[in-house]
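Got some structures for you, see below.
One chain, subunit A, links the two complexes that follow: it is found with subunit B in the first and with subunit C in the second.
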Partner chain A sequence: MNTPSSFTPSDCPVGPDSLTQITRRQTNPTRWHGAGWTDFAGALRAAGVDLLESLAACGAFATDAGGTAYGMPHGMVIAKSAQQISSLLKIAQRFGVPVTVRGGGLTTEGESVAFGGVLLDMTGMSRVQTIDAGALTVRTQTGIFWHSLAEELRREGLDYLSAPLNLTSTVGGSLNVGGIDVNSPRLGCSADQAIALQIVTPTGEIVECSETENAAQFQRAILGYGQFCVITEATLKIRRYTPVRMQYFYYSSLTTAVEDLQRLDRDDASDYSGILTIMDSAVNLLVAFDSDEREAAFNQRWKAQLRGHGELGFALRALPRYLLQPWKWPEALYLLRRKKQLFPEFRRPEYVRDGLMQDRTVVFSRAVWKYWGSRQMVIPDLATSAEKFVAAVTRGNAVCRKYFPHYTLYCVGIKLRDDHKPHYELSCIPPDAEGWAYGCEFEPMMDRVYSRDHLQSFKNEIYDIGLDIGASYYRFGGMMKGYIRRAFGDEMVDRHLAMKQQADPAMILNRNVVF
Partner chain B sequence: MFDIFAKATPAPRDYAACSGCSLCLLVCPVWRKTRDLRYTPHGRAKALQHGVAAADLKDSIDSCTLCGACVPACPENIDLVAMTLDLRRQLPPVRPLAIGTRGVKKIADYSRQSVLLAGAALREHDAARRAAMQLLGCAPVLDDGDDIALALEAGAQISAARQEEFLLPLRTAAQLIVADALLAQQLGRWLPQMQISNLGMALSRRADLRRQLRNDDLYVIEPRAYHADYEARVRYYDDLRHATGCAMNLDLQRIAIPATARSLSQRLGLKTPDDAEQTHWLLQGRKIARIVVEDAGDIAAFRQISTLPVVHLAELPND
Partner chain C sequence: MRKVDVIIVGASLSAAAAAKRLIDSGLETVILERKALPRHKICSGILSPRGHRFLIENFGPLPREALHEPTACRGVTFHFPSMVSMSMDFFGGTTPHLHRKYSDHWAIKQSRAEVHDETSFAGLEDRGDHVLVHARKHGEPLEYRARWVIGADGPSSLVTRAIYPDYPKQIPWFFVGQKFHEIIDCPLDEQYFHFWFHPGLGHYTWSHARDGRQIVGVGFKRGDNFAAKHANVVNYLSEKHGVKLQEHTDDEGCAENFGPSLINRYVFGKGNVLITGQAAGFLNMIGEGMSCALHSGAISGEAVVEARLRNRPVQEMYRKMIVSEVRRTSDQWNPLKIAFDRPHEADFPAALAALSWRERGLVMRDLWRFVVLYKEFKWGRQIASAALQRPLLGGYSMMKWL
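The block that comes next holds the complex of A and B.
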């Protein structure tokens, strides 16, 4: 482990008043230079695996959603079956060729970018196999986008339990890293919804696993950041579909909004909850319900106790504040412009009718891609216990204020399951969290061009807060992996590294993502 | 500073703006069939960004159905149909198309009447074509520009003489009702003053036809016209769906699922169409008793895999 040492700005450009005494190095992986590639490619093709080496095939995978890490594979393979992936991994082990697995490519730190070697595109395996409406389970290939799964389930009047609010997240990607929805405060993360998996180990064995069958492999696969296997099929819990009834409350204080969010979660007052902000000036606590009964109970017992306001009430309270502070008028105009852009998007009648939102992921994801997405997306985050969350959010918010004129915070809770603690180790779930973990994403608006150094400094400063207060991160891999040992400690990391070396002797699978 | 009240309508962007979000995959019928990124707008845009030439994307360019579902899905506002058509124009023709003049001796005069440009698919279903003409009060037309529609789709050259021969009589019409969406869009550019309507919209506005739609119908919107004017039509069809109770070929994003997924080679008759998987997907899990189509080209595809009655919108029994 690198011991903390004195830091000089020449090591890496960082903000001048970010935490000192912490060594920080941007950890772009070294490119694998292709030793033995020709022999490997020949062996792969002899085994019947279609390897694509053209620029047209590989170019689409040069970066991820983050758009700051660039690498090119030597070749790519479109996933077709567990047997094909098994052949690929066995031959890759023999030749020492790295294999990078990609689902929707929604990583931001280059975790799904191949810096040489093979890129395995899992979206080739994206078919639903069986839907059991009686048992409320689905068996699916894991390269499927959650949205495509929703399209199939909805025809049967069914829905998945929880999935990221992004149409192009894949099931496999979420099982590997978590997957957070606005119903995660009740249902846990997406990875918690898996009942059984088919995996292919780094040495090419095809294994069926669950809590009761090959349990150790199941534990390592779930939230395993792709280190211990390729997940090829999953059996997931599902539910009957219901549209959701949304309510929005607006705050001018982050702390107050977070406190109210946590109270609602503790009291199980809503089916969905989360915070989405425009800087720290307009803090929106959203709550939603699967049934009229749940909403009526909320209206009766909790609504009056929330300290947020409706849209008009919030505007009336904000108006005098801005009138008395003319230097903040540009901010007020930005809020108005943003409101004009966003609010109609969240109320489009084809998605929201009679107060019911038909599909939350469609509404949120379309808005996110349209009004937050850009060629670069930098979204450092902090994941903490409930007790530390207010501090994490307020300190992270101050960092955002320092680096960017405009940004968004997204906060949500994750209900933890005691029986899933083995899954949570070395993951986004902080070791000290009990009951709920909380995550906050800090997303700058890329309304101008920022240098990579500026963005990296911002990320470092957010992550430094995590080290200081004892947090975890949703995006700790790839370019941010330098924080892993500092966040989790040598003992835990070395134990997992030993497991990785045993499972993946040539260290070929998703190399450089975690270890 | 005060632009907050301005209505922004950003101009369409080109392939260079693709951020690789993959949202186009979710709605692409070719992706559904192949699960291969190379055969998607995302794959083509990214390849172009890496300097790949159109000739190296030949199969991908041919595979595109031009359904346009990717256009409203794209958060970067890239005109992905235009991108594919532009690529087609850069390639040698898949099949040489003879788009010459037809040597029409007498120029038709529509005397301010409505004209239906039915196209090849609707002409094959003559009863539907006649019904549509009667319902919409259209004059008969000798030249409906089906060769021009095909040329537009293939990215082939259309001679100035043929273009003028086609347009000259149309200038005398009061309005054009066009079955083929690509042709309708091009006519909008050629005849900017002309009132041009899409056949599906023109028919579905009629109260007598609306009354015939039932809640156990699957109403199949013609996707090209729908996606070309998505913001207006998504509301229109949503209202129609709620007013009639019928199911529609719309996904959860309210993007139209095409009933067929035909490549250019298949449209030109060089390869056999294989619509079954797409059509099965459209019907999967739906409890319906009848299929009502806007595009006559969908009738055969449904009849191949389903015993349900399939009718063109114009053929719905009248009050």
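The block that comes next holds the complex of A and C.
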């Protein structure tokens, strides 16, 4: 019997419990030891950077939206300027103190949780700097929530292009990880809307970058999961504001609904599209339009070809099925209860006037937080090429059925841009996707309390599907670290690791996310 | 008097897991351990894959000093009186052979909790908004004021006795003892943990290699004679398996509570006091308690965190969250699960299927005879009830938990 110096995962692959073929590593980090903290804190204050160390200040950031990773920073800094962040990072490099950057804290795998060190709260930098209505661009600090940005833009009759359906995500967070909207099948992800950035590198340099200026840094910053810089300002493309007109189609088959969704995307038949489900029993394909002309064209050309039904048609078809299967009556009652809760939410008079939805983000965000989420957002996901998407959704759906009595799926496409391929490397965009990538979030209804182990086992099983079929993931931290090498291969991960080591010699910036 | 958020009693793996969750969430946590650390712990040290996963994911790779020789275990071999043997590899690969003295200490250190060793738990008073914990260090009395207390002090838990003085009388107790022998000749594969389903040997009979010696262990109802039981097993191994051993050089033993996982009679505490790990009754079917201790310990820590965040009673949180671990552990003892599912971390149905029909018949006969050994505890109805609850309720009834 060999006697290794330590019993590492490579010596000993561990049995499944959902994690198949994953080399084990520590994914729930040990709190940073705190060596040199006092000297670091002194140096930071001497440089004029405010550092909060009280339990109340730090405790507010003990976990993220996922609620399965907890950690306490030694201290926190509220972002005020690029210069302040530059000072922080320079001193942190010198003392080897980890810095974790947090926007809205809507990560679900602990990416924005500090396991000791400094937590940098970017929501302190939340000002819109300039709006250029002629060029249709906005320059903003990146700690701003999307809904605050929308408020500012609406005053000018403008709107952002694409933002996550979540009111409290920040612009900076979305640029780092993607950001997906129901118009992403036409416009790409939120990160695709950035034209130029101001970033602070891990060694404290303040750099302006774009596709033409410091292009390499721009490529690494976008969809970079915070590994190569802190994004402090962004110039984003915007558009004229238009309310949207929604149409809903109901399916009893996930496969059929996904096929119809992909067909609409391929044909550019709608301005917005996505799937929201109540388990796999009521599958809602939603489409929406920015103009009457687009809607009329859809009604004329594509509507009749969709295999979904209206509310009544769906109910009439579901009724005999449930009548003949009495053991499924609890499920039918659940569907009715959800319908009663949810449908009025999508038609609230303050947001819907004359059949037009005034702010899709508000409507969907409210519904998501009120009826899907809880204080925990457990939403493992799979991002695949169009060809693999049906398999990913159906297999993930089976895992949801196994773990939870009630759940929902959210599926949406992302239009890919050939000129953004460098951004997409080592990101949620799967390497084999052409034209569109598709993402599905698997979200259990948290109508009871679950242990973290139960939730993590569920997530692992979803992530395992991704490995099996060759997918990517929207989320990268925590347990995901073990998957990244399997999903992308050692060559790509090592190349990015080398870039990271060059950019961040002390490996202080967001150290527990990817590497 | 020291004021802290949480006192954990016992410096075990479940304590380390609970402490990890509490420290990560910023709660001031003190672990009380009656012995000086690192302390000796009676245990086979054979960890299940799920427990290994937990250790790595939460504490990192194990240091070499935390392992016995052989450093890894490939799986389990079941032996039957009919001389049929079934070797089953753990799912996914080998697991570590833990040296509990050092592995527990390493995990405790990795948790970053403050440890007060040589400090014995002496009692507690739950005052509603806090718990007064009495302890002794070198004979001197100490007091701690904690918001919550977690009892992670093993099967003979003093914390359990402090809140349920009659509990030890409500369950049958076993004694498990092991003796260490220099090896003359041992044909048993040292890569496996060996277990005998033999009613003539004891309720729990095992053997495995450790640091160049062979362990021969036996568990039985408390009150029987360890020396006689052990000698019987040594003779059996010699006659039936050709295991030639010298007289033992060391021996050790402790009390065990096999019943709670089998009949869903767990004890999770009351008020601000939580019980976890083997103190709560968690034990896997091959007697491996470390993996469920780690997971239940973590859940006890999570329950405290959640109770604080949601402003809910900690017992409510703990009992809701522990459901998943109860399912995993009690499934391993559930005859319906064993027959129709794969609740264990080694593939018993596949190993059984690899046998001839005659051998399968012999194995089933021997298993039945072994189960009959437990007849005196009158668990049959309770086992049947728990087995039926699983498919009907999707879990096990909370009504039987203390």
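The working rule: the second predicted complex is superposed on the first by the 489 of 515 C-alpha atoms of A that agree within 3 Å, B and C clash if a C-alpha of one lies under 4 Å from a C-alpha of the other, contacts with A are read in each partner's own complex, and residues count from 1 in each chain.
What we mean here is this: a contact is a pair of C-beta atoms (placed from the backbone, for glycine too) under 8 Å apart; a residue touches a chain by one contact, two chains touch by 3 or more.
This one's a predicted model, so the numbers in the text were calculated from it and none came from an experiment.
Visitor: Just to be sure I read the superposition right, which of the two partners does A:S81 touch: subunit B = first, subunit C = second, or both, or neither?
Guide: In the superposition, A:S81 touches no partner, neither subunit B nor subunit C.
Visitor: Contacts for A:L55 in the overlay, against subunit B (first) and subunit C (second): which applies, first, second, both or neither?
Guide: Once the two structures are laid over each other on A, A:L55 reaches both partners.
Visitor: Check the residue A:T256 against both partner chains and state whether it touches subunit B (first), subunit C (second), both, or neither.
Guide: So A:T256 meets neither subunit B nor subunit C here.
Visitor: In the overlay, answer first, second, both or neither for which of subunit B and subunit C A:T394 touches.
Guide: In the superposed model, A:T394 contacts neither subunit B nor subunit C.
Visitor: Could you tell me if A:E350 is touching subunit B, subunit C, both of them or neither one (first, second, both, neither)?
Guide: The first partner, subunit B, only.
Visitor: Applying the touch criterion given at the start, work out whether A:W369 contacts subunit B, subunit C, both or neither, answering first, second, both or neither.
Guide: Touch partner of A:W369: subunit B, not subunit C.
Visitor: May I ask you to decide whether A:T137 touches subunit B, subunit C, both, or neither, giving the answer as first, second, both or neither?
Guide: In the superposition, A:T137 touches no partner, neither subunit B nor subunit C.
Visitor: Based on the A-chain superposition described above, do subunit B and subunit C contact any of the same residues on subunit A, and if so which?
Guide: 55, 59, 62-63, 375
Visitor: Name, in rising order, each residue of subunit A that touches subunit B in their complex.
Guide: 54-57, 59-60, 62-63, 65, 67, 78, 104-105, 121, 123-126, 143, 145, 147-148, 150-152, 154-156, 167-168, 330, 333, 336-337, 340, 349-351, 353, 358-359, 362, 366, 369-370, 373-375
Visitor: Mind listing the subunit A positions that touch subunit C in their complex?
Guide: Interface residues on the subunit A side: 1-9, 11-17, 19-20, 24-28, 30-31, 55, 58-59, 62-63, 69-72, 115, 375, 448-454, 479.
Visitor: Can you list the residues on subunit B that touch subunit A in the complex?
Guide: Its residues touching subunit A are 1-5, 19-23, 25-26, 35-38, 42-43, 46-47, 49-52, 56-57, 60, 75, 234-235, 238, 242, 251-254, 284-286.
Visitor: For the complex, give me every residue of subunit C touching subunit A.
Guide: 20-21, 23-26, 48-50, 52-53, 56-64, 66-67, 69-72, 90-96, 110, 112, 190, 295, 298-299, 302, 305-306, 309-310, 317, 320-325, 345
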